[in-house]
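Following this line, the structures themselves.
Shared chain: chain A. Partners: chain B in the first complex, chain C in the second.
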Partner chain A sequence: MTHDEAVVTALCKKFPFLSERISVQREKRIFTKPLTPEEFQQIIPYVHRELNFYRACHVVGTDDGDTLGLLYILTDKNNTLLILRESVPKSNPVVKSISSIYPSILLHERELADLFGVVVEGLPEGPRYPLPDGWPEGNYPMRKEWNPKYFDKNTMTYNDPNVKEVK
Partner chain B sequence: MTNVNLIKKAIEWGTEKSPWIIHFNAGACNGCDIETIDSLTPRYDLERVGILKQGSPRHADILVCTGAVTLQTRDRLIQIYEQMSDPKFVIAIGTCACTGGIFEDCYCVTGGIDSVIPVDVYVPGCAVRPEAIISAVDKLLEKLKNAEKDENQQKNAEKIEEKTETAKNGEETAEQKEEPKNDA
Partner chain C sequence: MHSDNRITIPIGPQHPSLDEPGRFDITLEGEKVVNAVIGVGYNHRGLEKTCESKTYVQNLYIIERVCGICSHAHGTAFCMAIEQLAGVTIPKRAEYIRAVVAELERLHSHLLWLGVACHEIGFDTMFMYTWRNREKVLDILADLGGNRVNYGVNTIGGVRRDIDADMVETIRKALDALEEETKHYVEIAYTETTLISRLKGVGVLSHEDAIRYGAVGPVARAAGIAHDVRVDEPYGAYKEIPVKVITDTHADVYGRTVVRILEMQESINIIRFCLDNLPDGPLSVRVPRRIPAGETIIRVEAPRGENIHYLRSNGSDIPDRVRVRAPTEANWHGMKHMLEGGYLADVPITIAAIDPCYSCTDRAIVVKSGAKTDCYDWRGLRQYGIDWYKKRGIDVTALKV
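== the complex of A and B ==
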């Protein structure tokens, strides 16, 4: 049994709901299908302590239409990548911070909050990153409905002629 | 007046022979910054021809800018440009500094350096070779010398014009003086 298969079987034993939603795409690349935030919060401490995925490389945000996707990329000493995918509805994008377990993920979570408008619970107070000072609230430039054409950089205001209602 | 002219000449001579530069990163990926530092360090060694890197904008003649201007650095770039004393010149290094490059129309980028402050020399390239930077400085200095020549020529031309004008005015006033006499 290879290391990748061992990881998959261990995860499936511990969390039965993962059994059909996890796969080895190629050598050293383990992907999961979108998980709910509750399921994700269950998996993370187990993966960190028992399976020794001690390092969080990156978080990728995606705009999937009605939902926002978050890809957490974790690695262990064999350089196996475990990519946990989380999806939250765009209308209520609330996610719990995992920076208490992986401190390096803090900057990535700030980036998600700034660029995608994900509400990260448990994020310590601090400066905004990476958008400039004076950026208007409620503008998330990495979302698909946001168009840089309608953003005035001198006055820092966003005027979309297609949207009449101002949130 | 002679003292002022002497000081002006000394400043012009100084900027030609030994221009001091200040380097500012307006949002570059650090590729062009490494190349500018490379052109100053011993391999290419711009210092041997008198070009010195300065820490303070108040002592510098040439502002060497890299990278597209982001919204965060825009105000700082203007501040640094205003702090420099006249005569001041700007060199835009790299494709991003010239036009915005791949970051053009990005949500937090205003464009090239010339979207904020006037630029004298553009150096395209990604990343720029040190030879290109040296040639840019050389071209700027040539431009300076030519500008001085032009200024001197203009001054001479103005002087000649003034002389002719005063002469003409003198003639006109003389004619005007004569005219009422005739009427009377």
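== the complex of A and C ==
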């Protein structure tokens, strides 16, 4: 059994809901199918403490239509990347910060808040990243419906003619 | 701002130590840094959003411009991601040329850093030496790709430029000269007492903290973490090239200096290996314009460390999501801890020691085509300046010096 398969087996044994929802995409790449925030929060302490995924490389935000995807990329000493995919509804995108377990994720979580409008609970105080101070509320540029064509950078306002009431 | 006996000084956002924007709110107790708040994002220009409206080929040139220094590393990662989703294998010769350019890039990046670091500590002679030598590398890159930075060597499915026999000779000659100079730098790093005492114990990020805060590249390797993507997850020609991972245990700015100087020697060895073993064959293979739906994560070792690219395709010729995690973005997390406990005078060199690239962190810019552009020679530019001020009531030509 390869190291990647051993990780998958261990995860499936501990969390039965993961079976059929986790697979080795190719060598050193393990992807999960979308997980709910509750499922995700159960898995994180286990992979950190028991499976020794010691470093969080990154979080990639994706706009999946009605939901937002958050791909947490974790790595261990064997350089296997474990990609845990958390999925939250776009209308109420609330997740818990994991920066207390993985401090190296802080900047990326701030980015999710700014660019995707994800509400990251438990994020420590600090400067926003990466949008400027004075960026209009409710504008999340990486969401697919946000069109840079309608943004006036001089007045910092977003005027989508298709939407009567500007958010 | 001050409370009790603490003073908070905002450093930046204009050029805190390098010529790029970043803000550091440093709280001092006397000369000692007790707290540091880091604000980045001043270079955010919406590259990833732009990529979602351009074709893969157009995006390659945008991605190359994420960073002026490690443009090839970004371009390579992006190409590899597309090639993997398309299921194509690029020719061996192309893989080797990519590796040669990647190592030349590492050489010029490390030389640039060494110069900047020496300038920060007032060792300007070394700064002049390193930048003079960097020109040798830039000349090769200009010959190879037609540009000193953003060489455009990569294309989807291989490379656009070949290295012919004459070029091999030119590179070899330049490397011989550079190797001699590098030996001199190694000697300086090990024996020059002023340099050693200025850098030792400055900007410490211990082995444990480097792991905890996810440090990558020379910052991690200087703390004894033997992490290098070229060895950990060999890609392209690195599957065949012997790469020695350089580590150090000082875990401070001195360690980072030693690691980078020794890595320059290693890069020279790698380029020589590539030139000796350069396979024959075509430079590229054809890749369809529409990329099959899927997602992939690619890791590449850029001069500053691990570079991660995420690419998701929806089956069209335009990507659905592109995400670039540049090495500096990972190294920011440890910066606060490098600064705290140190002295105010060490702040610039500590910031410079991670070789920060703010543009990489915040990603690239797009200049709209079709806009009127003017080209000036020196005389024209001078006249433009004089006229610009005249319009505003200042006639510099009337000044008597």
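Note that in this section the second predicted complex is superposed on the first by the 165 of 167 C-alpha atoms of A that agree within 3 Å, B and C clash if a C-alpha of one lies under 4 Å from a C-alpha of the other, contacts with A are read in each partner's own complex, and residues count from 1 in each chain.
The rule we apply is simple: a contact is a pair of C-beta atoms (placed from the backbone, for glycine too) under 8 Å apart; a residue touches a chain by one contact, two chains touch by 3 or more.
As the structure is a prediction and not an experimental result, all values here were calculated from the model.
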{"item": "Fit-or-clash call for chain B and chain C when the two complexes are aligned on chain A", "value": "clash"}
{"item": "Chain B versus chain C as contact partner of A:Leu131, first or second or both or neither", "value": "both"}
{"item": "Partner chain(s) touched by A:Lys13 [first = chain B, second = chain C, both, neither]", "value": "neither"}
{"item": "Chain B versus chain C as contact partner of A:Pro103, first or second or both or neither", "value": "second"}
{"item": "First, second, both or neither for A:Leu81, with chain B first and chain C second", "value": "second"}
{"item": "Touching partner for A:Arg49 - first (chain B), second (chain C), both, neither", "value": "neither"}
{"item": "Which superposed partner A:Lys153 touches (first chain B, second chain C, both, neither)", "value": "first"}
{"item": "Touching partner for A:Lys33 - first (chain B), second (chain C), both, neither", "value": "neither"}
{"item": "Superposed model, chain A: greater residue contact from chain B or chain C", "value": "C"}
{"item": "Partner chain in contact with A:Thr62 - chain B first, chain C second, else both or neither", "value": "second"}
{"item": "Footprint overlap on chain A, comparing chain B with chain C", "value": "131-132, 141, 148"}
{"item": "Chain B to chain A touching residues, read off their complex", "value": "70-72, 105-108, 110"}
{"item": "Touching residues (chain side chain C, partner chain A) in the complex", "value": "23, 37-42, 44, 46, 48-49, 52, 211-214, 232-233, 295-297, 299, 306, 308, 310, 312, 320-321, 323, 325, 329-330, 332-333, 361-362"}
{"item": "Chain B contact footprint on chain A (complex, rising order)", "value": "131-133, 135, 141, 146, 148, 151, 153, 156"}
{"item": "Interface residues, chain A side, partner chain C - complex", "value": "25, 28-29, 31, 54-58, 60-63, 71, 73, 79, 81, 83, 102-108, 126-132, 141-142, 144, 148"}
